[in-house]
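Pasting a structure below so you can have a look.
Chain naming follows the written order as A, B, C and D, and within any one chain the residues start at number 1.
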Amino acid sequence: MPSQISTSILDRTLNHLKKAWHDLSVDRLKDTLELSPELTEKDHALLRQWMDSCLTNTGGEVAARRRAAQLGENYLALNAEGRKKFLLLLNQHYDVDNNAVEQAIEAWRHADDDTRAAARVQLRDTLDPPRVKLLAQFTELPEGVKFLVDMRAELLALKRDEPELAPLEADMKRLLANWFDIGLLQLERISWQSSAQLLEKLIAYEAVHAIQSWDDLKNRLDSDRRCFAFFHPNMPQEPLIFVEVALVKGLADNVQKLLDEDAPILDLNETDTAIFYSISNAQKGLAGISFGNFLIKRVVAELQHDFPALKRFSTLSPIPGFRRWLNKQTDADLETLPGGKNWLQIAEPRLPEGWHLDEEAAEKRREPLLQLAAHYLTVEKRRGITALDPVAHFHLSNGAEVAQLNWLADNSENGLKQAAGLMVNYLYDLPHIESRSQDYSAQASIAQSAKIKALCKT
Amino acid sequence: MPSQISTSILDRTLNHLKKAWHDLSVDRLKDTLELSPELTEKDHALLRQWMDSCLTNTGGEVAARRRAAQLGENYLALNAEGRKKFLLLLNQHYDVDNNAVEQAIEAWRHADDDTRAAARVQLRDTLDPPRVKLLAQFTELPEGVKFLVDMRAELLALKRDEPELAPLEADMKRLLANWFDIGLLQLERISWQSSAQLLEKLIAYEAVHAIQSWDDLKNRLDSDRRCFAFFHPNMPQEPLIFVEVALVKGLADNVQKLLDEDAPILDLNETDTAIFYSISNAQKGLAGISFGNFLIKRVVAELQHDFPALKRFSTLSPIPGFRRWLNKQTDADLETLPGGKNWLQIAEPRLPEGWHLDEEAAEKRREPLLQLAAHYLTVEKRRGITALDPVAHFHLSNGAEVAQLNWLADNSENGLKQAAGLMVNYLYDLPHIESRSQDYSAQASIAQSAKIKALCKT
Amino acid sequence: MPSQISTSILDRTLNHLKKAWHDLSVDRLKDTLELSPELTEKDHALLRQWMDSCLTNTGGEVAARRRAAQLGENYLALNAEGRKKFLLLLNQHYDVDNNAVEQAIEAWRHADDDTRAAARVQLRDTLDPPRVKLLAQFTELPEGVKFLVDMRAELLALKRDEPELAPLEADMKRLLANWFDIGLLQLERISWQSSAQLLEKLIAYEAVHAIQSWDDLKNRLDSDRRCFAFFHPNMPQEPLIFVEVALVKGLADNVQKLLDEDAPILDLNETDTAIFYSISNAQKGLAGISFGNFLIKRVVAELQHDFPALKRFSTLSPIPGFRRWLNKQTDADLETLPGGKNWLQIAEPRLPEGWHLDEEAAEKRREPLLQLAAHYLTVEKRRGITALDPVAHFHLSNGAEVAQLNWLADNSENGLKQAAGLMVNYLYDLPHIESRSQDYSAQASIAQSAKIKALCKT
Amino acid sequence: MPSQISTSILDRTLNHLKKAWHDLSVDRLKDTLELSPELTEKDHALLRQWMDSCLTNTGGEVAARRRAAQLGENYLALNAEGRKKFLLLLNQHYDVDNNAVEQAIEAWRHADDDTRAAARVQLRDTLDPPRVKLLAQFTELPEGVKFLVDMRAELLALKRDEPELAPLEADMKRLLANWFDIGLLQLERISWQSSAQLLEKLIAYEAVHAIQSWDDLKNRLDSDRRCFAFFHPNMPQEPLIFVEVALVKGLADNVQKLLDEDAPILDLNETDTAIFYSISNAQKGLAGISFGNFLIKRVVAELQHDFPALKRFSTLSPIPGFRRWLNKQTDADLETLPGGKNWLQIAEPRLPEGWHLDEEAAEKRREPLLQLAAHYLTVEKRRGITALDPVAHFHLSNGAEVAQLNWLADNSENGLKQAAGLMVNYLYDLPHIESRSQDYSAQASIAQSAKIKALCKT
């Protein structure tokens, strides 16, 4: 599904482009750039010439951007090999001019009070490589911002094998981080009234509990559900990050129940709790630019406004690192851990295929696993500073509390593999989230309920 | 009118803010900041503390932005003296850390191939002062982007007397230039169907031919007129720059005729020419970030699409610097200029009160003034490079040609004072604008019609 | 102003029409109808032929409607005399076929149980004259519904001198009443964010307290004001009826104070009362089709939703018939009326020019006028059934109570002339409006406050 | 799928209602109506009382409509039996008052010139039963117009077994026909950008070539496809009728090819023909109120505007009555029909299971079937007046021509069963559609291409 969509975006972009060229017939470019898909040696020279002419504004800024758009159109028509060469070239050339930097450093060092500010600005400017200007010019493309986001996604993938691409990637991140400042984004509700074009992207981008079908999707947008996303005004049909919320009575403790299409719709007057059961980043090209904490808090505010009777805001979250961590514990380690001794009693393999379907077998594992998981979430740290589990870290740094562990709460293949079917509720207790966030950041202190504390006792 | 609007924007912002605080009751701030309007010494310390807490993200990023918004709210409630102190404080503190810069320079100089890129990024980052982060946080305000634009407008005005504000101003410009990249703006048509809230801003912002009344405005938006503006998606009811266009038959040669409310509406099927008769920058806070060349070309594209029969795109422009230049010419200068000798024949004062109403007097001045103006526009240069007249420079660098001088074309007080009633048509001849733009930039060559050339002959 | 607007609507319609003809070039009509503006004898025959072809659907229904649209276009181009002739012709011809009616009556009378229903439908159908079909076909015009509404307005004006137009007028009323069923209308808020095109209509249509300027209008749409209107989905920029509301503290007792542009804006948190100070029907062509009672109650519901703190919903209304009624009272009548004796003490003319500006003179008139007005509003009836004052009748039948009389509450020329400057608050006391409406309809019982009752005592 | 949707509409309506009651707390009804689902005898009396109070406007019109809405809410909660009783009751009572009709007849007969018009209106009014007023009051329901449309759909279904419901059904049809006047409807494009809520209705309502999945739907809305529908402004997410169009090169001759999801998307610059391959009425409750002819012609106009290069507008249509007709022909009949003799040569059963998959078998049947079909479409008439085939009749009365028969053009089960896989193109030849429509209506003359004529020769 995702690849299908990418293709269609590409096609769409190309179609729009054709339209755009048609519409904007003013000072139409005499020259047109046509590169071979794999970007041959010969193309290289041509490409450099073309990029030069974008950067020098030959024929005016408008014409330069028109050329940049054509460059982008060519990029879209390249194959994987061609795109790699394109990016390597962009990375290699159009970099900062080290001599200019040295001169600017000297000027700055010898500046007096009157000239120091200008010298600083000058120095900073020399450190922004010219290719950044070219990147910004790609916004001339009909869906130019999305183009850049996708280009960075490709760059990030390539960088694993070609670490020398780091400077270009850093430039792109800086540019995008600027444009995707949280204050410029819009929170919007997504519903069954949204366009099919947008909704099919939810299906493609959902990263926690895969959406099986349009019926599954419709169920997640029913009257007792809410879905919100951040959008950038220049990428109107593209969610950046979205969260799925269920309005329920009491803390939800099982995700399959939440997603059951045959479950009755709850009367909204009876709900008292909002459960955030899925948060997905939708744009790989925005990796490292984070919106999640803002999303949760804005959505809480929206829900409070619409449903003043809501008393509780909580997640129902996976524990992605639990079994990985558990597997690493030696018997000696386990001896000292809460629930560890009991766990050692169980014959290996301790979680054989289908264990969760055998009531007795499951019951025997229940207590030790709950205890070990409680310990894992609230005691184990990375470098002694942040919670070891990445999802725990995310919610704790936002000011949530580890509130409740749920047994056999996600029996999907993935749920069993990651966390033996366990899930956890992180509770956003509004009066305390600011102080909890602060305590977690400053002292690595992890807020937890009495229930969780009890489990951690050996 | 303008001041009235500013007030109402401020009020509106305050009202929205109150609403926002009410809505976003999540992790509401316990502390609230309340400064005295003139910002006393005591407030200073408080303010610094508050700014510190925004920059250190105490309690999480969301809380930090909430505090920044409250800071912005306080700024709006300060008086002129208080705002100046606020900006001076922001300029003085939260600047770059020179020691950190020096260290980063050393690290960069000694970096090897593997670390050089990261060292460069690091150095660049140390050159961005921390206050830039605070500025970006102001977008948490309901109309936060407009807030920053208006803050820069105030800063630019203050900078004249307080030149030490330059670094802060440079930071703001950089931030805004990034966000107002032309590729992120939207071109929209403004019409009588637009909201009154938007239209009253045209009245306030029109800078070339003042809009006298709502009737005058309605006339400028009639069926044979068009008005387009660039908008930023985060400032939806605020035009950044707008252009007024008249669809006419033949080159329009008189602006009072164009603006006559009693003139009949032209049948659109008979028009062959689009006259751009007014372009106004609407946001003082975006000074130095230019959109005008893009606006004209996008509007030409729109008009071509809607009216394929249009054959000619031209301006009807003022010549703001003509009389100022003319007054500076000595008799000796004039002797050598086209029309100059004849001009010297006319007794001083050469343009007495009411001269243009006396047919005979006017006729005598006609030829010499047209010749001198033709020379002024096409020969006189600033530093030998760009046209001396600023409007001429703008259109020539966009690729236009000096096409026609019009006698008694603007008899308003201002039109007589600036250019003895003369106006000029700059013609955008689509097949040639790219090469003309290039020739002007590269060789300072000014495109002109045969008519104009003829006038320049002595 | 109104006539200006009518013209522009007409022009607009014509322009749209041209566009429509251009767009809908499918099976374009070969024949075109061109009538002389005054509709000569010769045109008559042509016109009848054309109307015939609309009614017989020659060439299909689509073509027939196309012809009807052309007919409508011709109507718009007729002068007053031509339009009169056009309407008289439509009235005279295309009437019901009396023979067909007689036959249908006989068929109905002799029908048995199986055929009676069909016979009844048949009879009803013969009583709908064919011209109704033609009227409906005018909706093919770009603003066809507005066209019909305006045509009825002209017809109503003509009917005064040409009473034989009654049947056609009755047909149009029936057609429009059907389409303008209250359930098909939309309540919308009008604000300064509305289009200038819509707002200029408020200026034109306001019937109670004339809007002096765009500044006056802006003041009436400020943050402590609300304006709502009903719209028909096929007349999107045309309010049918609109109400202006002020949110205030306490019962407003003076309309000039309410409309004062320099008065400060009230903090919405302090308001406890919504004052309906102006209700205007905007479409003369919808006379006799009433929306006012629905408008008030829908607006009350909207306001309750937006401002739960509002405790009181009241009007500040004129008393249009008071002085007319007072002038008709003989001295003998006055002897028996509350306040009448004191009124007789005042020398004639009892309300000389400028009386209200003389404090002492005004004070002497105060009590007698208040008493007489209270009596007029609550005791005087038309045919013993409905309140004599038309505005009183409207609000009483909606379930309001006569709550308070206000002295020197409208010192405009009109306010003094109609009601000696008096205004009245009709209070909508929500728990009682249904029973009050019923009591008024059934028993002509007029609800009134204790204050008003006290005034009525002699 | 359809039933699922109905349910959700009902649920939605109920939810909205609850919201509506909550919002409109003004003069909330003291009494509430609660009927048992099957509508017992006891409920009957209660129901009549309630209906009476709606019709007498007790407590004012607003309250009466509020009660009608509650009545509607109760109707939705009734089971099938209850709804039948409800409709029978509404049909039986609140009918015309025959005595009043008789009196009105007499008054009309004895009226003079002055009173005749009023008497006619009066008579007409007595023939409109009071229940029509009640029906209109249901528009107070949140989706009131859709409620009435669905109620008529139920009524039409019931009428088959309960023919005495005819009068009520006639009243509803009249009311709806009035509101759904073609001039009040809006043509809108439906695309992948439309809401999922709307798109799922296409899936449910498509009546010609069933939509198999969301992927199938997406394919039908691709860049070389168009879909248009008429909407009523008071039923915004409910298409009334919709048409699916393929933009192709040359006359499309096979529907499976058109719907193939794997077929490449055509470049719009190469298309010359618009194929209308599916038209579906979406609202059973609007049976007998026709929009199809308007839809086709409006869509042709839209397409002409968007794609001036289109040269041909045609359908690719089923021939639903062909085999039914063919089966009725005796051998003697066949002897005289074009292709008939050859058809008789083929052994019975003439169209055995799978015949179309056997190339040789198919080839033998090709010519005779094409000839017989050509004859069926262009010669066979109903009562000698209209084409026997209903789809042929529809397009011919709109002015189309029978242009081309297509062999093995619809190999779906249904296509084989109805028409042995044959399909036909009806061509809309714009310059001739008006005269063809007229010739068909007036003289039953069927336009046909030379190809078709050739096939009809024996």
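Methods note: contacts are C-beta pairs under 8 Å (C-beta built on N, C-alpha and C of every residue); 3 or more make two chains touch, one makes a residue touch a chain.
Since we're looking at a predicted model, the values are computed, not measured.
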Show which chains lie in contact with chain C and also with chain D.
none
As a test of understanding: of all chains, whose mean C-alpha position lies farthest from that of chain B?
D
Distance between the centres, which are taken as Cα means, of chain C and chain A, whole angstrom:
57
Using mean C-alpha positions as chain centres, tell me how far chain A is from chain D in Å, no decimals.
48
With chain centres defined as C-alpha means, what is the inter-centre distance between chain A and chain B in Å?
38
In chain A, the residues touching two or more other chains are none
Touching residues (chain side chain B, partner chain C) in the complex:
11, 15, 192-197, 199-200, 214, 218, 223, 237, 265
Any idea which chain C residues touch chain D in the complex?
23-27, 29, 58-63, 65, 96, 101, 105, 108, 117-118, 120-121, 123-124, 127-128, 136-140, 144-145, 166-167, 170, 174, 178-179, 181-184, 233-234, 293-294, 297-298, 300-301, 304-305, 397-399, 430-431, 433-435, 437-438, 441
